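You will see subunit A twice below: alongside subunit B first, and alongside subunit C after that.
The block that comes next holds the complex of A and B.
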């Protein structure tokens, strides 16, 4: 936050998605996980004051708080790995859109309650086994963060699956909305499994799990929930992708405009 | 206060049972707690439902002006703290509604009264949060004013309300300190930040003083509520206590209060303050504050847009129950 743009030039000069020397695999995978958690946490926090029932107001805030907490630990770790003086806020608030490395799924708008719960189910069905596996990472800090996050993500899976089931197997309207949400969001599920060169290097170094090893668990969670919800996965030729390289959907810029508003309006201030 | 409707006259019927009333009052005088299944005068029940539900509504509507800044909070630490704080307010609403339900009024009924504008909530939440400094002011001044009234309510005569208030007060005290810390950070920051803090204090100071309700001379029903230990201090006493506690805190961080008549009286040991514009207070209570319409519209929108979700949850629960019945019959 307090580091000037000049001081972080080696990393922020990256405009086309290509890697620079400072982006080690460990830095990059940590940053990606942090961005996923922050952006989804931010989306969930947008529900505040708008939830369908008071209990869900509290639950959505809980989910958001878990993710923002994970993001804080991950950004702090990424900043330490980078060693360029960027703290959690420097990384969270002061990058350009194409420097955010989150998957496209998490930046998708909240939509209705069905869309929010389907998005949460897809994300947490992947991240729960991911963190469980990352708890034995060769990087001790990542392992520690994952051990805590695993417990949180177990709750996210349970909560979102219960709602997807209620909505899918509820009324005609809720079924239609849940199916629409699944049709709209499933195209972003594939990106969770994407492995590029730095990710491959991180897997081989024992830092993060290979997403392919999580596929069976992910499929089982989704299949079980969707069967009970009487929902069907849409047939797709291919998945949407690009977030890991910094190419986002049209929604991302609006999200960042709000997220970064204070930091951009009052540069170099401490809050 | 969060329960300003107590200053409105109760026009409902008051069945009087002199003997039982006297026995009831004697229990209160002995500092016994009244519990849900105990006999109580109808007016005591009605007053409590109104007070507790108004407090609950204030928590729920209060989430809106603060929630307004969660997505724009200036740091991750502030973002997490604000989200957690607003979540606390929702939690307070939830257990206050539960406390009100023990008196025989359902949450749906209470919520309906809020949505139709029949029930009131604290006037303070009809003011807008325009800058980040407002979030500090809401914690420091609004929560600070609220706890002045709520700490004595931890000893109020109705058991479920008193117990809810103990937990609420702990969290509100934390919010108040957190708010002050936000303001202090701004007051010690750069020129823009200092100006932001001062501007926010200028806008929130008078509305915060109005939270305690009209002057004692105009406050209706105070005596009965005092006797029932539903209210434990008068509006003016609480207001003075708040001013005495808050003014030195503001001066300590170099802020000025927007009151040219504010001065310390050595003889009484109190801060004397200027005349409050009660016509503004009345306008806000009458629904003509800066944000009355927006707050109610937002609550209604959330409720309406959530209808299909609540219906789905109900329908699914019925389907599950029916399936269980079928399985049991097989």
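The block that comes next holds the complex of A and C.
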């Protein structure tokens, strides 16, 4: 990302959870999608130099690159909607933890390879149909970003599903690890479907799809992959939530410390 | 520069389109951005030249360099006031690649995208011919290769490892 030439982003009044004037539903849903993509893209970049085999080294970097590319387009759009002079870098690097609106799933640590692939499968099984539906958004820019991202996410679903199947239906050890990963991460899947007031407004305005309309597709992808993988979904009564309101897990601060280090240490550093 | 300015608008546009189109993809240097379908349009308005490009993948790191090279190529040809704009819509697909581009890829040792491969089911296998010996007895090593747009394959017949420009 190009470094920001602008001053550090103004502090908003979000600390106490109240809304600023600029937080229109369009801005908020765009920002949330951007944060999801950036944070997961950053997590994948942490695999650089650590992947189990060379092919996966390339694959994980490629998946991360797709997501960071999507995030760049979304942040640029969010900045234009907001009209306060924040560009993609201002939004990506210069906000506080409680101003990031990503779901908790994407900030969960990489864990072992099984955990990374299970996390990727849950996210892409949801985001692939989401982008496919958002390609007909009434917001032309969101529609354009989604039409592009949908093609990329199709690869992500297939790649992560193939690995979850190999691991789940592999050795006793890989099965145990894949099942442990699913047990640990499944509680974060529900948040993807959450609809709060701004999201409801964006759905009603035809800007983004209603996640509920994607549930059958999501369930079918997960069921097919997990059945082949001989893995079992844990039974849950509730799910983890809070990311959309800026309440994150303990992992987020450490992630941001690394993500923001350069811009915080050398403000406005440029490539 | 004088010659370019004296041309009528449509001829200028055609010339600018040809010059911009000759810029090569820095990661697949055998292809021009016209072959790839990355160059969408060139417009001339009020003396300002705008070249419109589109990325193959959202995160394609070559886009900044392509934009810069288009600007430089047009300025070297005598055009001034050049601007390069990136658009996402309509989304690029491998169908935008010219037949000439596909032939150049194959000659360069990269298997070209198969037209309209569509979506494959989980574990669905594609048949990709080896760009070296032409055998269809090939095997996918990884869906992700040296760049975002390529997959990594190998030929079982001649043992050649090769890149496959994957369908999008």
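As a working rule, the second predicted complex is superposed on the first by the 256 of 271 C-alpha atoms of A that agree within 3 Å, B and C clash if a C-alpha of one lies under 4 Å from a C-alpha of the other, contacts with A are read in each partner's own complex, and residues count from 1 in each chain.
Here is the rule we go by: a contact is a pair of C-beta atoms (placed from the backbone, for glycine too) under 8 Å apart; a residue touches a chain by one contact, two chains touch by 3 or more.
Bear in mind that the values here come from a model prediction, so they are computed numbers and not experimental data.
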* Looking at the overlay, what does A:149 touch: subunit B (first), subunit C (second), both, or neither? -> second
* Asked: In the superposed arrangement, does A:24 touch subunit B (first), subunit C (second), both or neither?
  -> neither
* Please indicate which partner A:73 is in contact with in the superposed arrangement: first for subunit B, second for subunit C, both, or neither. => second
* After lining up the shared chain so the two structures overlap, which partner does A:62 touch, if you call subunit B first and subunit C second: first, second, both or neither? -> both
* Asked: Looking at the overlay, does A:270 come into contact with subunit B only (first), subunit C only (second), both, or neither?
  -> first
* Which holds for A:158: it touches subunit B only (first), subunit C only (second), both, or neither? -> second
* Superposition-derived comparison: subunit B or subunit C, residues of subunit A touched -> B
* Asked: Between subunit B and subunit C, which residues of subunit A are contacted by each of them?
  -> 55-56, 58, 61-62, 65, 68-69, 72, 165
* **subunit A-touching residues of subunit C, taken from the complex the two chains share** => 55, 57-61, 87-93, 119-120, 122-123, 141-146, 148, 152, 166, 168
* **Residues of subunit A defined as touching subunit B within the complex** => 1, 38, 42, 45-46, 48-58, 61-62, 64-65, 68-69, 71-72, 75, 88-89, 92-93, 112-113, 165-167, 169-171, 173-174, 177, 258-259, 261-263, 266, 269-271
* Contact residues on subunit B for subunit A in the complex? -> 60, 63-64, 67, 70-80, 83-84, 86-87, 90-91, 93-94, 97, 132, 185, 189-190, 192-193, 298, 301-302, 305-313, 315-317, 319
* Which subunit A residues qualify as touching subunit C in the complex? -> 55-56, 58-59, 61-63, 65-70, 72-73, 140-141, 143-145, 147-149, 151-152, 154-155, 158-159, 161-162, 165, 224-225, 228
